[in-house]
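See below for the structure under consideration.
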Amino acid sequence: MESKVVKADGTPQAVTKSPSGFRIIWREIVRDKIALVSLIILVLISATVYGVSLFLEQDEIVKVDLFAIHEAPNDEFILGTDYGGRDIFGQLIIGTRNSLSIGILVTLMTGVIGVIYGLVSGYFGGTIDNIMMRIVDFFLILPFLMVAIVFVAIVPKYGVMSFSLIMTAFLWMGIARLIRSKALQEKELDYAQASKTLGSSNFKIMMTQVLPNLSSLIIVTMTLNLAANIGLESGLSFLGFGFPESTPSLGTLLSYATNPQTLEFRWWIWVPAAVLILVLMLAVNNVGQALKRATDARQRRG
Amino acid sequence: MAFLKVEDLKVHFPIRGGLFNRKIGAIKAVDGVSFEIEQGKTYGLVGESGSGKTTTGRAIVGLNDITEGTITYEGEELNKKGKAIDPRRDIQMIFQDPYSSLNPKKRVLDIIAEPLRNYEKLSRKEEKDRVHELLEQVGLSPESILKYPHEFSGGQRQRIGVARAIALKPKLIIADEPVSALDVSVQAQVLNFMQDIQKDLNLTYLFISHDLGIVKHMCDEIGIMYKGRYVESGTKQDIFNNPQHIYTKRLVAAIPDIDPKKRAEKKQFRQEVQTEYEQSYNDYFDNEGLAYGLQSVSDTHSVALPEKG
Amino acid sequence: MSKELLEIKNLKTSFRIKDDYYAAVDDVSLTLNKNEVLGIVGESGSGKSALAFSVMGLHNRAKIEGNIHFKGQDIANISPAKLNKLRGDDMAMIFQDPLTALNPLMPVGDQIAEAILLHKKDMSPKQRREKVIDLLNKVGIPRPEHTYEQFPHELSGGMRQRIIIATAIANQPELLIADEPTTALDVTIQAQILDLIRDLKEDMNAGIILITHDLGVVAEMADRVAVMYAGQIVEIADVETLFESPQHPYTRSLLNSMPSEDESQDKLHVIQGIVPSLQNLPRKGCRFAARIPWIDESAHEENPELHEISPGHFVRCTCYKNFYFPDESKEEQVNGVS
Amino acid sequence: ACNGGSEESGSSDSEGEGSSEGSDSEEEASEDGLYSIDDFSTDKTNEGEAIEGGNLNFGLVTDTAFEGTLNWNFYSGTYDAEIIQWFDESLLSSDENFLYTNDGAATFEPSEDGREFTFTIRDNVNWHDGEPVTAEDWAFAYEVIGDPDYPGVRYGEDFTNIEGMEEYHNGEADSISGVEVVDEKTLKVTYKEATPSLLTGGIWPYALPKHIFEDVPVADMIESPEVRENPIGFGPFKVDSIVPGESVTMVKNEDYWKGEPKLDGVTVKVINPSTVVQALETGEVDTVDSFPVDQYPDNADMSNVEFLGQTDMAYTYIGFKLGTWDADAKEVAPDDSKKMADVNLRKAMWHAVDNNAVGEQFYNGLRWNATTLIPPSHPEFHDSENAGVEYDPEKAKQILDDAGYVDTNDDGFRETPDGEELVINFASMSGGDTAEPLANYYIQSWEQVGLNVQLLDGRLQEFNTFYDRVGQNGNDDPEVDIFQGAWSVGNDINPAGLYGRDALFNFSRYASEKNDELIAEGISEDSFDVEHRREVYNEWQQFMIDEVPVFPTLYRAELVPVNNRVQNYSIAFDWSELYNIAVTSEEAPAAE
Amino acid sequence: MWKFIVRRLFITLPQIVLLSVLIFLMAQMMPGDALSGLIDPNIDPAAIEEQREKLGLNNPWYEQYSDWISGALKGDLGQSFVYKMPVSDLIGQRLVNTFWLSVATLIITYLIAIPLGITSGRYNDTWADQLITSYTYVGFATPLFIFALVMLWVFGYMLGWFPTSGSVAPGTEPGTFDYIVSKIQHLLLPAISMALITVVNTVQYLRSEIIDTKQKDFIITARAKGASESRVYNRHIFRNSLLPIAAFFGFEITGLIGGTVFVENIFGYPGMGQLFLQSITQRDYSVVTSVVLLFGIASILGALISDIILSLVDPRIRIK
């Protein structure tokens, strides 16, 4: 791909400096108005959520107030309260922070594990690859939900970190497979072969030659994964295996909607969370899709 | 003692299948190839696609495992583990595709410095100086050092590849179709340049190509491969003026002539060769369609013919 | 009726890049007669394929200006339906890469049959099949019945190229455009394919445009040769003239850079620089001037035109008159990147 | 009949239980959005003219499938029981105090010493297949449950108390000496000990049709088609078809011993709790087994139903760990060194929580302050005079100060009298919307009086985990200091199963001689005298208030909405006239 | 072909065994057991203990496991502790429901996805494409369970078009026409809800596949033959683009398993997903193990089916 593009318009004399991969990506996002808006929204939400939550005490927010149960939005509680008399707005802020943190943590951890695993498997190929892929296959058939449930039951402190770890244990395979197939292709390319003849060790080739060439793929996949991962926790919470209420998250807020009374009569508890999830996922997805276009020359806009 | 000696080289790739992914057969990519190269010379390896040229080259630099046979470099057998000095430093490779052989994410500096970093402990400054020196040697301006490969034309890229290959001052370079991805005009540039540095650095080339015109231009000795085996080897003159094997003849006849006036003549010749090829195919190839062992017909010239008698 | 099969007049094919159009084929005029092979040579990116695609009407997002008369009909701006009637029937094309040019999921026989089906609607499937087998025979495929059912990936490069040729000649076209038909093939196979095209030409009495960057192929195949550089024709002449007395600096450089038969010359000629990209093409003055900097600027025309220097031999720009190869010893100094 | 919560609820005049008039005011909350159980009736008001036949749709509110062991002798899930009651019934009926009466399908006659019971089954009581229900069938039930291969969970003290049962169960005897078939319709059962509990559910009142189950091995009965696909009984309706886990359709049993049912049939089907309101509003179901009380306030004005209500046979409590379970001796081992061993501490913690506020705020008055460990659902034994312990944080502080629990290091929390940090670990169960805020509320309340109570692991415990840690297997988790649980109580009020010395379910592991005495006295022969028994239990209730091994927190209301078209319906515990139910229209009206 | 299938199954065997051991271990790690749910002062703890002993719940896990696996090898998946019936019977009932739900979902998914994907891919960057793409984005961002809840509300209750729980109307005779109609009515809404969300992936995939194929050289060849635009699309582009979708089919099965857990719970549809959750909360180990194993086998089979389909429709891939 790359070579074709260059072959057609790579004139060293005239092109002072062709943009690097990151620059292309950035340009693409800026050009794509929706993606740009999405990115701005994302940054704003994250800044607000992480910023404001610095001033909010999680313990204070989840403090039960018997005399403020189920209040509709009013001056004191901008978004009303839940059945514990707890401020929804505060929960929303902290909840978004927690959900975002999970999304990011899981994405990063699955990313790191998946990339390394896939890289090793794809790079070495042969029997190693065979064995490693069987392991992946095995993980793929594990009943994710059940394991999560077991963990919820037996892990005493169930918080953002332990939750992310469990999720990670089950979500690294996708990216590992993707990276593996790319690494399989990439290592056959002459530049990787050239490195070998130049005396570079396998590890060095993997890390310094092959990996950088997968970077745009990794960025795109991780962004799209981030979108999916933000929604993950809400699903488990819905089934009742998410966080305790003392750790608010978008999922816990959303899962209040399983109570039909809340769903019908107390929109302020779950609608903001639903909207936020939707907005977050849409925004991340938009950015991800723009990144995807940026890395795929054929789909690049202009 | 020959500079590089390849003896009865075999490289087989397993074909896997069956119930437990067992080996059920082998692709005999290289199947008993022997040749010698003298220092400072250019040895050409010619053959049609899939005949095993690349595999031979890769086996010499150590990218492919050898199934059988030996490769001796300056009297030392390659592929023997536990040697004090790594002779591979002396053997480098230039790749066919200048677009894929340079890591698109690396700057020229990093690309060229890679072998230096692996083998020589240089300071930043020394390293940079060496790279500058190498760039100069291959005729690229020093400011290229911070650019990415895609900012160069094909010919320039191939020069970067060469700079990298000569960084360790190798003695033997395997050039696997170094110009076939390039335009005619650029081809010339690279070929000229390769000849120049050969003189300057006293390099030995194993020049792999399927373009007979270029091989003729570059090489002193030539080996013709067919389905993993040699069909003929000899000096340039032997091959072009006195081809013995029908396959070689066919190859030579197929080269288009630049002179339009010889068109008819050429066609005539080609047809003759074709007729001969069809008639005497069985004299030159065994039942499996493979070439026989080499028989020397002169000091320099040997041809794959069935043993007489 | 004139014997001209195809007449291209002032053809300009422009691609949209960012917000502007850039001409990849710039003011090209050509004629092609029946039973004639016109070779087009030039470096990569010089616009050869763009020209061929324009004739076939295969560009979907390019702007095409000028006229293309095919059998007296202007096909440059013609309705898709009418064009579809011509394509594959009266004019056909052979592509460079025989693997990607075939649908990987269709038996090759069906792919040939499609060309017939589209233009000979009254043929029965059985007749069609026979015709395909016939064609396969014609292009020298050993077991046509067997091959009919095979898929592209099961065939070698040479075989695939034969399939493509069979598809192209299925309806006895009067115009055949071959865009680098042998670049991807081994020399021995190349020779066979070229022979095949030549035979077919004689059979069909067709006009052929043969696009290549291999001067040897042109020398063997063409009756007339056009040399393209940066979207323009810089020289056109019949094949003997061109190889015997090339005039344009580009043509001469090109010939000089080939390793030649006689080994008198140790060093090959190098053309400095590379073909500029579409956006960076100099649109004024001699487009080749930048690559022969030792020739004085005054030697070039301001608006280079084709000059007929002998009957049928045209050369663009007057710089050919003053052109010489620089001193051999200086020549190796190739420009660095600036 | 009960007093809890009614003072604070400030409801308009409370009407007597069972009054059928004034339905208008019943479902109206007073101005502060509170409801009172006193405003609900257990009986459906009849409106309009009943039609001939018609079908009733009965919803089982659950998000799981029912198990489908449709026989009294084998079932273990409550949903199965809700289904079985339509087609099979107890041979003995009981009154509002859960005492067996002689109005049922069988009558009984206790002997002088109260150890021997002679039962006589009425003549017109026949199985759905026309076979008469015989003494053999009843005895057969005893034999099956007592069989060593019996796969259910009913074999317990009620059975081991029968003479010869243990020998039979251990395989030492071929028959149960205490169970004797006198004639076709007469059965005699002899017990080892006579206790008043026998008459409140201590007798197994269900028969098992021998002619059907005779040839089925006992171990296989529970999965036999006779239990799962074509269950049989002698109740007012006959099972017609079953969609496993989802629904059961029944048609009337014309041969029902009390008379032909008015309805043509009944359909019982599973309704998800989250959609139960819609199912009622649309008339998809006429009524349900129980209605999620937390959904009531938002739907109190549902126009097509009448809400029936009564005090549930259950209470919520907070327990204090006072010892451990001695598995070898199979009894409670009290331990004075436990963190909660000081009764003052426990008492103070009770004073510190405002259960009336909890009931009003979390449950809109549909749960209310509990006073004693015998809930008002058992009016005969619930001591309505006993006011329990009132909410008084100042008093709580006072008690703690006096007992030496003071804050010595100024961290805002009290230390133990020995000056050590006091951190109390609180285990509470998850499930239900209010579980978490409720637990937090308690913690906050205790913090108000200076006690540092922490939620165990910082979160609620899932059901199974909770009971594992609290000690359902006898392995009490030493981490747990206090816990919040709930008990639903049986017909028999004998507290031995929950607070006795040898009760595994005595999770607080409290035992004392006085307690042993009182419990024993409650089921002594003297206690056949209800008056005496009441006195004993009043004393026990007060004793538990003084000792506080656990303290009750909330009593609860049970609400059941019934479509307006339904007639002759009641949720009273002693009501058993299913055959009398009628409807006024073919289709159930939907809500406006 | 058969050899290939056998080989694949052979490879998966150890996976399945490992899986079963793992599930067993996990089941043991979960607090409580199937009888914990019976904490009821009306039931004698001794009776419960006796049952535990009888059911072997007090045995060490490996004994329980070997009992179970040796039964499983004979086709006996054991007894459900909660339902007191053979697990195979229990699963049998649910499997049928889930099977039909999945089939309906798949059919609806493809019925929606293919036209949308084709439109979006063929006319890319038109308003129609943008509309469809927006839908896929929103669909991607919408949690399935919220969507399903809303669907249940709107179509089940507000409009009353569909039944709201169960798999069949009570009292309908199996085998009758009414029964079949009722079954279909019951699974339509869950299937549509699930399909509308899962369709998103397929549409996106199909779209990019078509855009990809559009730029292939052989499309130019087809045009050069004189094929009209519609023929080019129908004959070459769609056929080639639908191929990877067909191969996706098997993997969809794996995805469906996750979806059914949510959807069956929301719609009160008694299938495997519901059974799974329920038996986990009830600690009905033998059922959990069997259900998970079936899920595992289903996803393995799904992958296998994908490979087989791919090899059938794509001549480039040959399975020996």
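First chain written, first letter: the chains are A, B, C, D and E, and each begins at residue 1.
To be clear about the criterion, a residue touches a chain if its C-beta (ideal position, glycine included) is under 8 Å from a C-beta of that chain, and two chains touch if they have at least 3 such contacts.
For reference, the UniProt names are A = ABC transporter permease; B, C = ABC transporter ATP-binding protein; E = Oligopeptide ABC transporter permease.
Quantities reported herein were computed from a predicted structural model and do not represent experimental measurements.
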Which is the least count of steps on a path of touching chains running from chain D to chain E?
1
Taking mean CA positions as centres, which chain lies farthest from chain C?
D
Contact-pair count is greater, between A-D and A-E, for A-E
Where centres are the averaged C-alpha coordinates, which chain has the largest centre distance to chain B?
D
For the pair chain B and chain D, the C-alpha centroid-to-centroid distance in angstrom is 90
When the C-alpha atoms of chain B and chain E are each averaged to a single point, how far apart are the two points in Å?
55
Centre-to-centre distance between chain D and chain C (centres being mean Cα positions), rounded to whole Å
92
Touching two or more other chains, which residues of chain A (ABC transporter permease) qualify?
7, 10-12, 15, 153, 258, 263
Send over the residues of chain D in touch with two or more other chains.
274-275, 278, 462, 464-465
Name the residues of chain E that each touch 2 or more other chains.
30-31, 153, 265
Interfacial residue positions of chain A (ABC transporter permease) with respect to chain E in the complex:
134, 137-138, 140-147, 149-150, 153-154, 227, 231, 234-235, 238-239, 254, 257-258, 263, 274, 277-278, 280-282, 285-286, 289, 298-299
Hey, which residues of chain E end up touching chain D in the complex?
30-33, 35-48, 50-51, 54, 79, 82-86, 89, 93, 152-153, 156-157, 160, 164-168, 170-171, 173, 265-266, 268, 270, 274-275, 278, 281-283
Going by the contact rule at the top, pick out the chain E residues touching chain A (ABC transporter permease) in the complex.
11-12, 15, 18-19, 22-23, 26-27, 29-31, 137-138, 140-146, 149, 153, 211-212, 215, 254, 258, 261-262, 265, 276-277, 280, 288, 292, 295-296, 299-300, 303
Chain E-touching residues of chain D, taken from the complex the two chains share:
63-65, 67-69, 74, 76-77, 151-157, 201, 222-223, 228, 240-241, 243-249, 267-272, 274-275, 278-279, 281-282, 284, 462-465, 467-469, 472, 487-490, 497-498, 503-505
Given the complex, residues on chain E that touch chain C span 216-218, 220-229, 231, 235-236, 239-240, 243, 313-316
